[in-house]
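Order of writing sets the chain letters: A, B, C and D. Residues in each chain are counted from 1.
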Amino acid sequence: MTFRPEELLADQIAQLIGDVRHVAVGNASPIPATAALLARERGRGRPYVSLLGSPKNTFWTDGARELFDCAGQGRIDVFFLSGGQIDGHGNINLVEIGDHAHPKVRFPGSFGSAYLYYVVPKVILFRTEHSRRTLVPQVDYVSAPGASEPNVFRTGGPVALITNRCLFSFAGGRFTLQSVHPGHTVEEVIEHTGFDFDRPANVPETPPPSAETLKLMRETVAPQLAELYPQFAAQVFGVAVPSS
Amino acid sequence: MTFRPEELLADQIAQLIGDVRHVAVGNASPIPATAALLARERGRGRPYVSLLGSPKNTFWTDGARELFDCAGQGRIDVFFLSGGQIDGHGNINLVEIGDHAHPKVRFPGSFGSAYLYYVVPKVILFRTEHSRRTLVPQVDYVSAPGASEPNVFRTGGPVALITNRCLFSFAGGRFTLQSVHPGHTVEEVIEHTGFDFDRPANVPETPPPSAETLKLMRETVAPQLAELYPQFAAQVFGVAVPSS
Amino acid sequence: MSQIAATLDEAIEVIADGCMLVVPREVSGVPMDATRALIRRGIRRLHLVALPTSSLQADLLIGAGCVATLETSAVSLGEYGPAPRFTAAILSGSIKMKDATCPALHAALQASEKGVPFMPLRGLIGSDVLKYRDDWKVIDSPFGDNDPIVLLPAIKPDVALFHAAMADVHGNVWLGRQRELATMAHAAVKTIVTVDRIHPGNLLDNPTFAAGTLPGFYVDRIALTERGAWPLPLPDYYAADAAHLAEYAKMAATEEGFAEYLDKYVYEKQAA
Amino acid sequence: MSQIAATLDEAIEVIADGCMLVVPREVSGVPMDATRALIRRGIRRLHLVALPTSSLQADLLIGAGCVATLETSAVSLGEYGPAPRFTAAILSGSIKMKDATCPALHAALQASEKGVPFMPLRGLIGSDVLKYRDDWKVIDSPFGDNDPIVLLPAIKPDVALFHAAMADVHGNVWLGRQRELATMAHAAVKTIVTVDRIHPGNLLDNPTFAAGTLPGFYVDRIALTERGAWPLPLPDYYAADAAHLAEYAKMAATEEGFAEYLDKYVYEKQAA
């Protein structure tokens, strides 16, 4: 059965989510949102899925702070972060490139990363553009560090990084190549990755989504997704964009 | 014009309130509540009056903490406190009499006093029972101190103490007798007060409420008071208790 | 899976002997039916946190021997006088009392709500409330110049228990203006709610209702207990039962009278 | 005295050059009509605090030269791309940027709401967000054992400014679930609100509405500006104007295009 790259990534992310109580997905994250909704369908209602920006898929009634308070309470199990740069230590940069006094590039800002990265047990890093520009040896600005000193309160952090080329796991302060997506190679991953990473002698290919998973995504998840991501749902899953 | 002692006290308290933005009155305080509503009538809507326990006379929508947050913001100008004991330093005791390990008497507890006494600019102490039992040289337990060291953050504190016998002002860590209520004497006040206080050579008599004030209290304030204090309004002002 | 329990006893199962239980003040929805059920079950050694004060509920639990530690700012029956079983327990030394002040309890619950180990609070310095709380610390504020300030450790209750007007089948609970109940639920490990009725539909679907709703996400168990705050009030819904409270104050003045009260209004109710 | 001002310009009079102004994120009610009026008035040297992020509003104010200091966690046009005037200002060094993280801004406003000089926050340690904020302090938590934690100084804005669906003649404002707007108002010295309509009656009289209402006690001025958040959304009421936002992103990509945008959509509006 043929599938789109987005479907492969969403399937992988759904597996990374695992059996948890609550997954929250930030703004402008259609693939993680697909994965979270897929996980919810598979779990018949578990996990709770909070899609920021979707009134239908958020339960917040305590204002914009509730997401962060909820995470501080230990009630968000999985979150997604990205970075203008991500380095081999799991540090992410959402602020700037260049010297801090005179940056060459400015990104929007750190959002909640400098907090959520510390207190959400499973943070899944997600960056479709896999290049030496984005995956660097050392970020220019640490919006949030991949690891902390042992005495720093930290109940969370990165567990994986998924890109358009491959899936890395993260542990002990380093990335390990877990699998390479169909159509890509280990050599290509090495070539386009700016940081060192570990890898097994034989790197498996990322398994394709099953027919059952594709059916679930296309028939059940995609229509739910269309509320928040109409363009994405149309483009990837062919959900008709409602005229408004 | 004849008047009741409660009317005298309420009139005095209304004058102590002065020209402020917001007066809050705690539970079970009908005379301060009368004074606050009287002040609001005189000020044609100013000050805001918050009567704890009265849905009609409180604007809180942020839960039980809002009163304290509001005071912390500097948005409560006048509050009322009492004490099982009050001493000559303005310390109040709402907790116990006797040794802390084995108290002889237990009062309900400090409520918000250990906070509000510090942050409400004008705290008016109110204790109808004026005796050596209640007005003591030194409280057994300091729920909240009358004064603080200069480096302790304090924007509020006691400004006066009113009893069934007299009115004291408070400044510089001491009470000063301001006036003695009609029918009472300075000697009687000295006899029944457990702490030292200052007094002018000639202590005036507390002026009786004017006819205009009495009319306002009886005709306009009393019916408003009846919502929260039906028994008091009936007993003092003859407001008919609604059958429920 | 719905949070709505088949019985009140099932809903309160999770409230174990020795746990830290947080309950609201008299006008915020006191779960009196649940309190009576806990007494019938013979719960023991509670660390009861009353946010920030209590009346009949704490007095009953203390009188029935359910409480080891009480943390609150005041216990009183208000216009019905002192809380007699509370007073007797303090004077006899049968409970451990952690005297607080109202905003300190609110702040300490908000600390757990926000996942921080402490919250600062003004006031308190020079009071005996602070003197007898060796779990509270004074630091010199790093933003001031010789500016002492109290830090209160977070209170993280095992269970929050309160009564509300209604919940829906998704576990969402209508709180209205009683927002400290949301903080209690956010702060506690588990939240048990009793309600007067089940609301048809989803409270979160309507933006007007949603504003005053605690999401079911935070709610573990719900029990339907009509007029479950009786004889205390549920503001906006029903008033206190003044005659009953006066009767309580009178009966509870003595240990014997209190035992009679329990027989008549707590244990008997089970049979009814 | 009613808080409802005769004109928008009158309502925003109190927002002075150089003041600290706090505004909400895109989905919480951004006062865009008021923002355009401030630009027309030629406001300067704002210390703009966007709680906790901003989009069009910050970009417009920055591009129009109204901002000296920006304190927020991110500025972006979301699906319409980077915020071009924000980006240009940072790269040219024309504004002072105080980068934060979302919960730090919420906590710092809550500090002022609660009248405390600081609030603690987990996270941050080891990040450059902390490194470049010399106004934030790290202490060893007195409740831990070698447990560093960040303390954030209270943010006390001169003015809070936001847009809401409705207010009543008593100055009460319907916030719904956007409770951070209440915190903004509690924290700020003054609060200015623009609303789409005036609600007949008193929002506090109805317990259901009251739950989502900011009391008029905290509100200094209100201006009626129908669809005052345009082209941004007012959730539960209206959606963003996607075409306009796309047009903005395109025009604001260059300084010239931005100037044209101002002429067309900000200055022209005055004449209309």
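Here is the rule we go by: contacts are C-beta pairs under 8 Å (C-beta built on N, C-alpha and C of every residue); 3 or more make two chains touch, one makes a residue touch a chain.
This one's a predicted model, so the numbers in the text were calculated from it and none came from an experiment.
Visitor: Comparing B-D against A-D, which pair counts more contacting C-beta pairs?
Guide: A-D
Visitor: If I average the CA coordinates per chain, which chain comes out farthest from chain B?
Guide: Computed centres place A farthest from chain B.
Visitor: Taking each chain's centre as its mean C-alpha position, how far apart are chain A and chain D in Å?
Guide: 29
Visitor: In whole angstrom, how far does the Cα centroid of chain B sit from the Cα centroid of chain D?
Guide: 40
Visitor: Could you state the distance in Å from the CA-based centre of chain C to that of chain D?
Guide: About 36 Å separates the centre of chain C from that of chain D.
Visitor: Cα centroid separation between chain A and chain B, in whole Å?
Guide: One centre to the other, that is 59 Å.
Visitor: Mind pulling the chain A residues that touch 2 or more other chains?
Guide: 60-62, 68-69, 72, 119
Visitor: Quick check on chain D: which residues sit in contact with 2+ other chains?
Guide: Residues 114-116, 121-122, 147, 149, 177, 182, 210-212, 236 of chain D each touch two or more of the other chains.
Visitor: Please give all chain pairs that are in touch with each other.
Guide: Result of the pairwise touch check is A-C, A-D, B-C, B-D, C-D.
Visitor: List the residues on chain A that touch chain D in their complex, please.
Guide: 27-28, 53, 55, 60-65, 68-69, 72, 94-96, 100, 102-119, 141-145, 148-149, 151-153, 244
Visitor: Give every residue of chain C touching chain D within the complex, in rising order.
Guide: Contacts found on chain C: 103, 107, 114-122, 137, 139, 141-144, 147, 149, 151, 153, 175-177, 207-212, 236.
Visitor: With touch defined as at the start, can you tell me which chain D residues reach chain A in the complex?
Guide: Listed in rising order, the residues are 24-25, 27-28, 51-53, 72-76, 78-79, 82-83, 86-87, 90-91, 93, 99-104, 106, 110, 121-132, 146-149, 177-183, 235-236, 239.
Visitor: Enumerate the contact residues on chain C facing chain A in the complex.
Guide: 1, 112-116, 172, 182, 186-187, 204, 210-218
Visitor: Which positions of chain B touch chain D when the two form their complex?
Guide: The contact residues of chain B facing chain D are 22, 48, 59-62, 68-75, 119.
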